[in-house]
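Note that chain A is present in both complexes that follow, paired respectively with chain B and with chain C.
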Partner chain A sequence: MSKFEFPPSIKSRPVWGTLEARAGKHHLMIADAEGAEAILGIATPELMANTHIIYIPAGTDYAARLSALKPAQFYEGPSYAAAVTRIQRVLQDAHMGLQVYLTGTEGLMGQAMHEAMQAGIPHTAIQTEHRGSVARRMQCVHCKGITENVETDPFVCSHCGLNLFVRDHYSRRLAAYQGVCIDAEDPGNVPEPKGIYE
Partner chain B sequence: MSGAEKIAVRVTDITPLNELVTRFRFEPVNGGLLPTFSGGAHTVVEMRDGDITRMNPYSLMSDPFDRSAYTISVRRDDEGRGGSKFMHTRVKVGDEMIVSNPVNLFSLDLRAKKHLMIAGGIGITPFLAQIKQLDRAHGNWELHYACRSEALGSYVDYLTTTHPNDVSVYYDDQGQAIDLDSLLDGQPLGTHIYVCGPKGMIEWVRGKAAEMGWPREAVHYEEFLAPQPGKPFEVKLAISNKVIQVGEQESLLEAIERAGVDAPYLCRGGACGQCETNVVQAEGEILHRDHWLEDDEKASDTKIMPCVSRFEGKTLVLDR
Partner chain C sequence: MSIQFHKETFRGDYSFHNSERAIKRFPFPFDKDSYMYAVNMEQHRGGPADSIYEKRFDVDEHYISEMDDRAMVLADDPLRCQSLPHMTLAGWDLLELIMVSKSEDYPDLFELHRNGDQWRWINKPLGIDDSFTFMDETTLPYGPMEYITRQTQGDFCVLDQRDDNLWMDAGMVTTQADWSLDFDIGMNFFEWHAPVPLAHEKGIFVRALKFLLNIQQGAPARRLNWTMTVNPLLDTSPENYHKWGIQKTTLTPENIAAKQHLRVELQTFFRLPRSNALVFPIRCYLCAFQDLMTVPKWGRRLHRVIRDLPVELATYKGFIDNRPMMLDYLSQFDDGQPTSLGIWPDLDTEPPLKSA
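Right after this comes the complex of A and B.
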């Protein structure tokens, strides 16, 4: 099962939706890992005839099933970093009437949403659906470095080494949650790390 | 006192543009500077006609950065309740009038990569101010303007001489019409649509854009509804404990104000939501005419927008 019920939180925390096929001239679907399941869930031959799928498998084996949907274009990339120039290029050439669908991990959706917003799509018009890992993309508020795939709270900043507390405070611009030093007052007093939602 | 803050102005120029439309220029009575505004804003003009005070919203069409004067263009509506006729026939250069501070319910979304403006008839006025604003910021815009005929094409000459490459004009009587399908097809990502004109045009553009997958957030529209005359009716105001009569030519909001009860408003045209009032009891039919309430709210008859809506029936009690 790739769905997870996120607990209610502060306003800053993004709320992900459920994909639905919408009227549009073209459709851009960007997904990673189990996000493929959400695409498989809404795919119809008519929809796929005008759809460009950009997919990052991240170790899963959904790619063959996605390309079997016969989308107008299908791209499989090894990482988000490898796919991002293609995403930017597609958005640059796109016209109004494009529908954007993002699905998979929060890191993927957040970063792709940033690109779509930069291209001029209002963020409320971009569809999302969370699937798969609940790991977060975190920004250290102290050194500004980004640590990907954070699964525990607290965690160690991969750039400056501080012990960071995982906050629900989210930056749409950075597509990252904020991590704040947890032992600043009392260095070394760090609680035992546990899963973010445990 | 409800509504936006008031400004005392003097009419310093009246220029008829064609058979139906006349332009008015207002300068502050005290000689100071007027508040700046943003393109798309309107002002509510008070018209004192004997015992009756009408207040109508008009889009500001002057340069938003010119604080010496406001200008509006008024289209005469012989069918209406007389506000526009009053402006056309009774207002003279030198008169003192009261206008409200500008309020904008039709502002540009400055995140847009391109602004696609669609105007019908007198709906051109907010765009004149928006274009001045965008030109200062080197904004990317394009205007498609439909008018009945060359003779009634207010500001066509001005627009086509100052912006020959950005303005397209369509004359109904020459069988010209905006080709909306091809206009909306192929617009760059980040384009926003602004439409101001008759109800049919607004619905046509909104419907077509939705069908083609344009996000709702990228389609902006403004239609001021003039309150329509109708059968007189009686209303009980529960909080102020008053029973008032709404005349044939008067809006419910005006009748409430005439009774000395302060009621909130901003646009007086069914668009802003400020005047929303709870209905305590309604035995009869509320004639909802606003653009504000949702369909289910209208159907439930628990709310009314007194600036444009009326009532027919036995009893109406409002929470005011």
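Right after this comes the complex of A and C.
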């Protein structure tokens, strides 16, 4: 699957990179769905010997191929929410020399980055690579509820039901973009939703 | 002079109003007949007598009512005041700065008595007389930043300085021009300014950050910023935008003079001594168009500035739809005569409006 080229944007919007194998004593790779392809792209037996992979398939069938890389530890979880306590536990043990790799959807990378930052790893030291869905994790600025996997602009807040437009303004702390009421000045005048990058 | 505090509202019936004195000292933000972003910093070292620049933290006739409004906002949404865990020391720094400044600048209104770390703070307008132990949070009803900013007009951003950047790591934000502390907390200088159009390309933020990183203790700086607000609504937050946004559509040629307000922020910057944080108070002043028009120079100039403002800025500041109606109104106060340089009203030297 080819990588999506995000259009240029404002300075709070994260810029995702391309994973590369870096020197390190331990490697923590957290991925969902097509993020598996980025791991498969850099995996070598030497790297995998010191790698812990935490993977959420999200309906894809890459798990067996990742497992076949024979990483030192491999975990397949049903959802990010199910995996997060494990991620926190692993990060608790993080020593100098741990390399963190995040790949897959923006929601997965953003949330895992938040955990790594909480553990004291600067966000600039964390490698990322976007793969798969371009859906966004959105915070409603009005009710504060998070709606996962938002694919259209505008969308309906899954908590308060307001019609929200999708901003590029992004909070690393919340791992979310900001959604703001689109029809506040003209109630009921909500444009037809279209894909965020259409 | 003693201040006559108003009992007034910034919501509902909007009984907010400016006295003649308040109009004359309003911080009109345009020093010439056009506007574009600029760093426009100067030292915050006093100013003309009775101007808003005179004191370190200006206290005016709206003080008590603004604090009442802040308490209401916080009761509805406690997330308007947040402080990341490493910012408590900066909160004490801020409490000290404000208590010392206000008790020195307004000795008839505020008193601070210090005996070692045993402090007594008297705030006469708000009827507060509290004794506490400096640096001991358990002796105050709120954290130090929240405690003192519930008693001080203006929003407060407390910025941590590290990695050659400033980080929005604490704040009290209830009178904001449409930005969310809850969303922006933890961001660096470029990130929280990301949505501002044009200024990044002009290098404004790079230069402003360089300036701010070098602000020293005892040498605060200031600048003015501005936007437009329909009704004297202090809490133009994104959180409540779905409630107040509709008010922008209530403007008519008949009510625009009273309803449309120029909203000016006096932004000041102080280095804090223990934490090396930077505190960034953003003080909001509101003035109805009809009151601004009593100053002939401001009438001429506001018309020219609003007429010539780039579309991007009018859109970002949220009044692009109302601009034609504003110009219809403002053009009555522009007789084409030249204006003097600078922001001051110059009532004694500028000519009165020539009738058409």
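Definition applied: the second predicted complex is superposed on the first by the 197 of 198 C-alpha atoms of A that agree within 3 Å, B and C clash if a C-alpha of one lies under 4 Å from a C-alpha of the other, contacts with A are read in each partner's own complex, and residues count from 1 in each chain.
One rule holds for everything that comes next: contacts are C-beta pairs under 8 Å (C-beta built on N, C-alpha and C of every residue); 3 or more make two chains touch, one makes a residue touch a chain.
These figures come from a predicted structure and were not determined experimentally.
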item	value
Which of chain B and chain C A:184 touches, first, second, both or neither	second
First, second, both or neither for A:119, with chain B first and chain C second	first
Chain B or chain C, by number of chain A residues touched	C
First (chain B), second (chain C), both or neither touched by A:24	first
Chain A positions touched by chain B in one structure and by chain C in the second	none
Residue numbers on chain B that touch chain A, as the complex places them	111-113, 184-191, 210-218
Chain A-touching residues of chain C, taken from the complex the two chains share	79, 180, 182-187, 190-195, 200, 238-246, 248-249, 321
Complex contacts: residues of chain A adjacent to chain B	22-25, 91-92, 94-99, 119-122, 124-125
Chain A - residues contacting chain C, complex	10-13, 139, 141-142, 144, 162, 167-169, 171-174, 178, 180-181, 184-187
